[in-house]
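The next part holds the structures, each set out as structure tokens.
Next come two complexes built around chain A: one with chain B, the other with chain C.
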Partner chain A sequence: MDSALIPEGARRCPFPVFAAGIAVASAVLLWGVYAMGLVWIKGLNQTNMNDYYGFALWIWADLAVIAIGGGAFFTGLLRYVFGIDELKHIINLAVVIGVICYSSALLILAIDIGQPLRGWFIFWHANVHSMLTEVAFCLSLYFSVLIIEFIPLVLENRQLDKVPFFHNLGHNMHGIMAVFAATGAFLSCFHQGSLGGVAGVLYGRPFAFREGLLIWPWTFFLFTWSAAAYGPCFTLTVCKIFEGVTRKKLVKDNVVDLLAKISGWMIATYIIAKIIDTIYWAGVTVSDMGFSFMHFYSDNAFYGVWILFTEIVICGIVPAILLTVKRFREDKKLLILAIVLGTIGVCINRWVMVLQVVAVPVMSFDTWALYIPSWQEVATTILPIAYGIIVLSLAYRYLPMFPQEQELYDAK
Partner chain B sequence: MTKDNHGKAYKFGMVIDLDKCTGCGSCMVACMSENNVPFKENETDKKDSLTWMTVYKLTNGKPFPDTDICYMPRPCMHCGGKGDHGHSPCVSVCPATATDYGYDTGIVSQIYTRCFGCRYCMVSCPYHARYFNWWDPKWPPGMEEYLSPDVSPRMRGVVEKCTFCYHRYQEARDRAYYEKRDTIAEDEYQTACTQACPAGAITFGDLNNPDHEVYKLVKPDPHNCGRPRDPKAFRVLERLQTNPKVYYISEREWVRKAGDNYRKGEWDKKNMLTKADGQH
Partner chain C sequence: MFPFCFEWVWDVGHYLFFGAMWYAVIIISLGMTYCVGKSLVDTLNGKGAGHGDGHH
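Let's look at the complex of A and B:
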């Protein structure tokens, strides 16, 4: 039915099966859209946020999707700027994931603000001292760059490619992609960093506050580093999910191995920096403010030392070891374990830097505040997942997302 | 404040005597009434209620008969920020410049029509002094008639907070300008909570003016970001360097200790140093 659109020689499931899958994802998407409509029409009272939880599930989702979407900028940097040619076989996937993650982040932000129609004020009345202003500018610009990086892939669709203009446009855009990749990497360093800065500058919130270099708190650098380190883990996780669902090998082992190794070394260096940061924060920063380390991990029903241990040891040190040691990395099960742990690790980091920050009591007579999101918050957070599944499915079906697919199929 | 409208710089602040406060809540009621603060039909969930002035109940944690209680009214602290340069925790983070620091008054303002409701300022404030309008502001039929024409009601989806009754300052300033005076007198500008407090626990005035009662009560040190020199006075979370302009006074040591966080043994060490300084 849609065979004319499918890349030449590619084998795809029958259209009805594909349509049924898309319908299921669309149903979930519509549930999210309904919740989004409720929030836009009735306001943020549809959420379980409150004056203690000004930032909650959505801001975490925002930070998390931007972190795991970091594979796009980092893989682009490695491929186009550092010239690691093997990565051209996975860059398309990284870019599509990036587009999904960043468009989702912008959508979530649009839902999360109390006066959505005034969203443009962040650009018009910009406060240059605010990290959020930097986030808004860099995020929007980088999303534009991602779209530019995405266009050549779309133009490679079998039917679009027949149009000479599109064919030449796509070809020429490929030629100058290094410029956009470098721009994207530059912008990403700043918005990933400024997202870290959003928490790090909060000197009224000891759990988040960090000293730093000039105007940038240490979280600025840690967030950029962690996105570059863990982002490829998510790219590889999605790749493995694709291979599992389609029951096909889509990317050669040497490509996966290379990206996994780079990710592993990045995680290893990041986690060392994170451990140093945590020790300094606990021993000096919060100590000077009159807090003990255990103040942030006790006297409440949820946040204990377990969360720090999970973030740093289980989802940091463990994947770093598994990905840097060749023997472990080449074991398929351990590889999958490592990339999944890595993805979870960065999400936990973003969680604590948003939700634990506001949960911790600061005034000596204040109490811990815990919160459970409303169904509207959950639905609108699941919405990007359904949207991502749909976009990825469409991209896989109609675009040559995995350049090695045919070769691997023929070799089988 | 004559024709060129150049007045001197004030630094308005508040001193609350916690030993006088009875926790009656008059300050909260006066504040809500004065500033057109809306309320919900069901106010049981205090975490999304609008209470610019909140009264906290503190206890010394000791069993009977040593139990002691203190009520602590908490307006917006109008922080001067690190170094007292006006980079308050909230002002510095607002992405749309919807909250600003008045260098002529020391008051942290909120521009409701510019706020787009990102709530970053609320997250930055350790005092929970900022409130979000989760709901449309509603008043029971007929009660709209009692709204103050000097204060604009806020719409759903924006942040609001105590303004130190800034409209009263504007009124006093306008009067001074009309009467060709350069300064406004202490009693010309007083907040609603100050006037409503039946115990006289709240004092308001210019912290830069040695003739004002607030200055006399706490003796702010201008070379130390306004830290109180009076040993019975303190500011909440002094160690975070937010430099609030709301000071508290108490004779009770446990109350003063509750104003900040101290690791084991730190409070005693601080006390010993303070006493030693006093002896010199």
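Let's look at the complex of A and C:
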């Protein structure tokens, strides 16, 4: 039925099977859209946000998708600016994931601001003393860069490629992609960093506050670093999910191994910096502000030392070791364990830096403010997952997302 | 956003924020203009028809 659109020689499931899968994902998507409509029509009273939780589930989801979407800017930087040619076989997937993650982040923000019709105020009436203004600028512009990186892949569709102008456009965009990739890396460094900076400058929140360099708290650098380190883990995780679902090898082992190794070393260096930051915070910052370390991890039903241990040891040190040691990295099960742990690790870090920050009592009369999101918040947070599944499925079916697919199939 | 907006001030904050923003906007716009323009010229010169010119 749609065979004329499928890349030449590629084997795809029958259209009815594909359509059924898309229909299931669309049903979940519609549930999210309904919740989104409720929030836009009735307002933020549809959420369980309150005076404690001005930042809640959405902002965590926003920061998490931006972090795991960091694979796009980092892989793009490595491929187009540093010229690591092997990564051209996985860059398409990284870009599609980036587009999904960043469009989801913008959508979540559009829901969270409550008055989306006033979204342009942040540009027109910019507060140049706010890190969030920097985030809004860089996020929007980087999303345009991702779209530019995505266009050549769309234009490689079998039918579009027959149109000479589209063919030439794709070719010419590839020609100067290094310029776009470098711009994207510049923008990414600043918005990833500023998202961390927002937490680090909260001097009234000792759990988040950090000292730093000039105007940037250490969290600025840790957020950028962690996105570059853990983003490729998510790219590889999606790649492995694709290979599992399609029961096909889509990317050669040497490409996966290279990206996993780079990610491993980035995680290793990041986690060392994170440990130093945590020790300094626990030993100096916290006591200077009149608190004790255990104040932030006790007397509540959820946040214990376990969360710090999980983030740093299980989802930091363990994947760093598994991905940097060749013997472990070449073991398929250990590789999958490492990239999944890495993805979870950065999501936990963002959870802690958004939700635990606001949960911790800071006044003597305060208690821990625990929060359970409303179903509207949950549905709108699940919405991007359904949307991502649909976009990835369409991209896989109709675009040459995995350039080595045919070669690997023929070699089987 | 623009110097003619009533709240605009010529200070370091505006230089840095809007300088970086407009710098990125100009690079992206010029890059895309170049790509679209060159593709139009290439197409008018008959390039890309039949795709025999070594794509990517």
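Definition applied: the second predicted complex is superposed on the first by the 412 of 412 C-alpha atoms of A that agree within 3 Å, B and C clash if a C-alpha of one lies under 4 Å from a C-alpha of the other, contacts with A are read in each partner's own complex, and residues count from 1 in each chain.
Everything below uses one rule, namely that a residue touches a chain if its C-beta (ideal position, glycine included) is under 8 Å from a C-beta of that chain, and two chains touch if they have at least 3 such contacts.
Quantities reported herein were computed from a predicted structural model and do not represent experimental measurements.
Visitor: For A:L141 in the superposed arrangement: first (chain B), second (chain C), both or neither?
Guide: In the superposition, A:L141 contacts chain C only.
Visitor: Let me test your reading of the model: by the given contact rule, A:L202 touches which partner, first (chain B), second (chain C), both or neither?
Guide: first
Visitor: Can A:V357 be said to touch chain B (first), chain C (second), both, or neither?
Guide: In the superposition, A:V357 touches chain B alone.
Visitor: Does chain B (first) or chain C (second) touch A:C239, or do both, or does neither?
Guide: In the superposition, A:C239 touches no partner, neither chain B nor chain C.
Visitor: Please work out whether A:G114 is in contact with chain B alone, chain C alone, both, or neither, and reply first, second, both or neither.
Guide: first
Visitor: Report for A:H125: first if it touches chain B alone, second if chain C alone, otherwise both or neither.
Guide: After superposing on A, A:H125 lies in contact with both chain B and chain C.
Visitor: Regarding the shared-chain residue A:F55, is it in contact with chain B (first), chain C (second), both, or neither?
Guide: first
Visitor: Check the residue A:A369 against both partner chains and state whether it touches chain B (first), chain C (second), both, or neither.
Guide: In the superposed model, A:A369 contacts chain B only, not chain C.
Visitor: Residues of chain A touched by chain B versus by chain C: which partner has the larger set?
Guide: Touching more of chain A: B.
Visitor: Identify the partner contact of A:I389: answer first if only chain B is touched, second if only chain C is, both if each is, neither if none is.
Guide: Neither partner.
Visitor: Would you mind listing the overlap between the chain B footprint and the chain C footprint on chain A?
Guide: 124-126, 129, 133
Visitor: For the complex, which residues does chain B have touching chain A?
Guide: Counting only chain B, the residues touching chain A are 45, 47-49, 56, 58, 72, 82, 87, 89, 92-98, 114-120, 122-128, 130-136, 155-159, 236-237, 239-242, 257-264, 266.
Visitor: Show which residues of chain A lie in contact with chain C when the two form their complex.
Guide: Within the complex, chain A contacts chain C at residues 123-126, 128-129, 133-134, 137-138, 141, 144-145, 148, 156, 161, 164-165, 167-176, 179-180, 183, 186-187, 190.
Visitor: Sort out for me which residues of chain A touch chain B in the complex.
Guide: Touch list, chain A to chain B: 43-45, 49-55, 112-116, 118-119, 121-122, 124-127, 129-133, 136, 198, 201-206, 287-292, 295, 357-358, 362-366, 369.
Visitor: Under the definition above, what is the set of chain C residues touching chain A in their complex?
Guide: 1, 5, 7, 11, 13-14, 16-18, 20-21, 24-25, 27-28, 31-32, 34-36, 38-40, 42-43, 46-49, 51, 53, 55-56
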